[in-house]
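Chains: A, B, C and D, in written order; residue numbering restarts at 1 for each.
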Amino acid sequence: MLEIKDLTVHYDGAMALNRVSLKVEEGEFVGVVGPNGSGKTTLLRAISGVLMEIEPGKKERPSLSGSIMFNGKGIDKSKAWNITKMGVIHCPERRRPFAEMTTLDNLRMGAYLRKNRSEIKKDLEWVYELFPILKERARQMSQTLSGGEQQMLAIGRALMSKPKLLLIDEPSLGLAPLLKEAVLKVIKEIWRSGVTILLVEQDVAITLASAQRIYILAHGRIATQGTKEELMKSRDVREIYLGL
Amino acid sequence: MIEEILVYGAISGGMYALLALGFTLIYGVSGVVNLAHGSFFMVGTYLFYVFGISGFFSLIPLTLLDPTWGPLAALILAIAFTGVISAALYRIIIHPVLGDEIGVMVVTVSLALIIQQLILMIFGPPNLRINPLVTGSKQIWGLGVTNMRLLAFGVSLILFIVLWIFTNKSKVGNAMRAVSQDREAAMLMGINTERLYMLTMALSAMLAAAAGVFITASITEYAAPWIWLHPLALSFSIVILGGLGSIKGSLLGGFIVGYAEQAVAIGVPEGGSIISIVPFTVMVIVLLLRPKGLFGKRIEMED
Amino acid sequence: MVTTYIRRAYSSFVAHVFDIPARLLAFLLFLTLLFIPFAIQNTYYLRILILANVLAIFAVSWDFLVGRTGQISLGHAIFFGIGGYITALLSSSKFFGLPIFLTIPIAILAACIIALALGIPSLRVKGPYLALVTMSFPLILAALLKWYPLNHIFKGEFGIRGLPALVPRLDWMTIGQQRVGEYYVTLILLFAASVILYKIANSKIGLVFVSILDDELASKACGINVTKYKLMGFMISGLFGALAGCIQTHLLRFANPPMFALTLSFLPVIVTFLGGLGTIYGPIVGAYIYYILDSYVLRDWLPRFLKETVGVTLPPEFDFAKLLIFTLIVLILVIKLPRGIAKFTTDKLGDLEEARDLDERGPRIWKTYKKKEKTTSTGSEPTASS
Amino acid sequence: MKGKIALGLAFATLLFGTLFFALPIEAQNEVTIGIIGPQGLPHWSPAGMKDAAEMARDEINAAGGIDIGGTPHDIVLAFGNEYAVPTPSPTDAYLEAERLITVEGCEILIGGFRTEVTQSIIEAAADYATPLLINGAATNELIGDTVGADYARYKYLYRLNPVNGTSLLYTIAGGIGGYLLNPTAPIPGAGYMIPMFADPTLIGPYGPGQVAVAVITEDLDWTLSIHGALTTPSVYPLLLGPFANVTYSGRIPDGTTDCTPWLTDVISSNARILIHVFSGTTGVPFVAQWRALSVNATLCGINVMAQLQTHWATTGGACEYEAMLNFAGTRTPIVPTITRAFWDSFVARTGVWPIYTAWGAYDAIYALKEAMEDIDSKDKDALLAYFESPSYQRQGLSGIFKYTSLHDVFTNEPGPVWFQGYVRALIAQWTDERMEIVCPKLQTYSKTWALPPWMYPLIQDTNYDQFVGVDDIVFAAEHFGDDPTRDRWEHVCDTTKDDYIGIDDIVDIASHFGATP
């Protein structure tokens, strides 16, 4: 479904990603783990196209080479909104809800590209089912929500776009351990409903617990990859990258 | 005296608010400080002149059907053309420097000067007459107010309400609000920000053109190549005192400036001579108390 | 003794100027400017260069404020006008009648203090807010100068007139000699202003400015007194802006409200972008291009050329096209060449220089460089990929 | 390396080369005159100085040029922009004047319209000791602070047109005090304001029963002395006469577009005469708003924009009944032999009416021609001596022209009569797309000063004596059969507004026989 080959990203001389290659098959749940600054967020931003959507006059423009294919179509040159249209939905780091809109409006913005009202309504019910707290907070300004609620809102908003491939960036950031697990549980549930998921996480344990296949990203390169079992076999990987 | 301040202040305040609305809209959505805003005011007025009053394009024959049609058609055409022109100019000139604050200001200032010189070359410096759309006057609290001003006041309030509903209820309006709050997240929702910016620019310029036609037809009754400067100065001081990017702020700011101008004109000795500094003074005072203006709290774009 | 001295001077010249194309170009330009009065017979052409010098001082001061400290000002005419009016009031025989070598320093120091006061908003607001707030300052002042109750001081839009000339014309002088004097005075002031600003920009203070420009919060965290430096930026810039205003006032021999005109606030902006923002030399090149293009090529040469060779007489209304042409050039440059003409040229020259350096350092270094380049471009294979 | 040096040198030579420009060779048998003015404005062209100067040049050159010492000299004109629009730029004005003098080789400059830039031009001309004839700017100080203060430097500076600010003030005062508010004027038909609009509650230095007057001036320097004189209680009775009582005064900043607040104050001050003094664009909306609000006061004053032929169109006809200072009416034969000939050939040449800058430029070139022929020289010092000689005077387009000791225009007789014939300002009133001279009186072309009908609805009272009687019928009958093309056309007699004074007008007047306001 998603195939990345030799993706290299430079930020004003500094290399953020170095020849990264990665593959996600339809229906898979793939995790990418790596420490801070290893280029995880850059990877997702490159896939969803926002990386290159820096305003033209801005000084620090990244440069990108390599190829990103989605369902056999190259999307590395596409605009972010066209990539969204294809069904690649990026749930960004730090949630980023529209702060001065209500929760409901935020969810509605998720369905911006969709026309069919009854389906939208069905999906809204589904999101409420997944995150009942959002229904309670529907009329509240999203900036007044707590961190966990905002994360739920962000995932819910992404779901409203009817994703084929859902890119989730650090859903556990700044959440209490209990909440982390709850969020991950919902993500798994979404995956089970048929959405392909590419999860980027710093928290190795929860990623190992949920993802089918895991890539380890270090210093902008893919250090290694494999299923949980494969990775746990290698002592080096365990100690150096996973810290287990 | 107090009646004068209230009546005349309200009428000019309403028109000022309309003028400032476009300026605040384009900044709020795309972060562009459009120093050519006054130029679109002027372009709208000149197009109204071209379509409505003189020359080859004149739509005066329409008035044979009904006397109100000619000016009305000219008004709509002028506003529409300004929108198209501004969208094209945005794409060619402003888009390549978007995100570079100083660059945007330089290109828009250049654009303003270019438009001024073009109009000087095409129409020459002398004033062109812009007839009021309606004639006659009414008495309000014993003060004479021309009907044209009442019409302009009414139209600005209506446009304000329409825009308010548009941004809060319509899909495109929601997209505008979303982009103004978080450009990148909005993009991830599938909003085509490039097209949205262009649309906002057109909308902003159309509001400026509408303000141009109504203000010139009701107050000055003439168009000249330098009528961009005063509207620009007015709109930016109103917008800054109300808070850049805030629609509410521009409405309130417009009325504050309208009342303050009248109060100074009437209350200060020789106050009429320093009317032009009233908007700036109010702006500076407000800024010293509240650095982001009355309602300015636009969320910074990610860097 | 003398020969060794000359030899040493020569070798140092070769080492520091001759070998570096950008500096060589600057040196040649400076020489050209120094000797130009001997080549020009016509006072009008000299006058163009004098005005270019004044505009260059003004634009350099703007460039320093915006390009180095990142505080956008669209109302720089305020310093120009304040400097002009203060020196006018002090030197006018109707008020104080002081000599200009006293009034100009007083005026620029006073403008410095006023810049301090005007800088206060810059501490509260930034970005577009600051730009638009500063834009309103000269408009406020121009209106106040014309305000009726203040008329007995400022003489309304008529201004203060009958001021002493920058270079007094003595009995034996012709107008041409006076112009040459004015030219050298303005050139020296321009040279001094740009050297001082260049030194400041490249000193420790300049480094602090750049750090504030890059990240204000981080600078604050590093213990930099951001307030102090921001105000300092305003004051230094205001000082040189006022200097330009003083020179202009004594060149024209009167000060009037058009000194605060908005076009005068925009002109340094446009000129700086033409030459290159944040470079100090960019605005100078821009100012010269502006005046030569506007006052020589379009006002004088082109109509004459067309009349004599083509036989076409341009209508006087062609004047309106001049600003249009100039602004159009700037607009295209800002979009296509955001660095500006001068910056672009020196960057190109800098590229040349680098290549040559490697050439001269010998084949060994060159080879290792090539190798290094190769390795960085190839990179190492990722350890794992599916 | 060598290539780079060559490049540098080439660049340097190029720079030298572009600036090193051979001067035009001083042409023999030519007199080069520079015209510098507000390019783009009507004061420049086609209604103003450029076309008038070209017309004078063509006429003189066709007739053999200027005869100096037996050799004919052709007039060559060079044109320059004074950079007054859109914003005045003194620096550019100076440069332009300098260019005309040094590059174009002009021996004499004519021009200067906006005060801010005219002072630049004055400095440039003084630097080069080139004669400058100001044509357009009225500020007193332009002459007073220069020729009066530093004669050695500014002695080649003259004013040509218009008369200075003080004289303009005297003319308005003469028109209002000597005619409108003068019940005992020696002129037939004068003095109709007093009984109609005198306000018994207004008590001034001369007792009750005065007429309220409002003064609104543009907030510019040249209006300062006018404003001061018209509003100082100890001064204005001397100017406006004992029956004027200034109840309101205001100043409107240059460039204002909304004059309603001031006009509202005028209305509440109960003024019946509104003196307006404008030189800028504000004059247009001011008049339009005066009409829109039907301000119950008749306009009389200075409005430079109102002198333009286009004023009627730009105000949408709202300027009807506006009276203002002017140097010409519409095709008015001020000096019977020459004025109308000039007017007609100018209109034939350009298609528009000439305004005062045109009169000035045309007059100036002829004056220079005559002077040069008289002294057989084009030397500026000889010209100076010639113009300064007490006996110098010439018949200009608008009267007898003569210099004061300060090189200003000599003028006399500001009141409602004009016996001596020296150049003076006239008062013209807009009526039906034409300007008519309403003051001075007793000239062949003088017309009745009409009051706005919303002030004085009894339009059948054509001579404003507050009674429709036989005299009105006789007045109309005297003008029977006239239409606006006739010199003797009287606008007030056409009560039916059909551009013809016929039996219908007389019937209309007769049907109101005996009516009083």
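Note that in this section contacts are C-beta pairs under 8 Å (C-beta built on N, C-alpha and C of every residue); 3 or more make two chains touch, one makes a residue touch a chain.
Everything quoted here is computed from the prediction, not taken from an experiment.
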Intersection of contact partners for subunit B and subunit D: C
Selected pair, greater C-beta contact count between A-B and B-C: B-C
Whole-Å gap separating subunit B and subunit C, where each centre is the average of the chain's CA atoms: 34
Where subunit A and subunit C are represented by their mean Cα positions, the distance between them in whole Å: 49
Centroid spacing, where centroids are CA-atom means, of subunit A and subunit D in whole angstrom: 77
Subunit A and subunit B: spacing of chain centres that average the CA atoms, whole Å: 42
Residue numbers of subunit B (touch at least two other chains): 96-97, 100, 103, 120, 124, 270, 273-274, 276
Touching two or more other chains - residue numbers and ranges from subunit D: 40, 87, 219, 251, 253
Two or more partner chains touched - positions in subunit C: 143, 146, 148, 262, 317, 320, 338
Touching residues on subunit C, where the partner in the complex is subunit D: 21, 24-25, 28-29, 31-32, 36, 39-45, 47-49, 51, 143, 146, 148, 151, 155-159, 161-162, 175, 248, 252-254, 256-258, 261-263, 292, 295-296, 299-301, 316-317, 319-320
Interface residues, subunit D side, partner subunit B - complex: 40-42, 85-87, 219, 250-253, 255-258, 260-262, 264, 267, 281, 284-285, 288-289, 292-294, 305, 308, 310, 313-316
Complex contacts: residues of subunit A adjacent to subunit B: 48-50, 53-59, 79-81, 84-85, 89-92, 96-101, 105, 108-110, 112-113, 157, 161
Residue ranges of subunit C touching subunit B (in the complex, touch as defined): 66, 72, 74, 121, 124-125, 127-129, 131-133, 135-137, 139-140, 143-144, 146-149, 262, 266, 269-270, 273, 277, 317, 320-321, 323-324, 327-328, 330-331, 334-335, 338
Residue ranges of subunit B in contact with subunit A within the complex: 95-100, 103-104, 171, 174-175, 177-178, 181-182, 184-194, 299
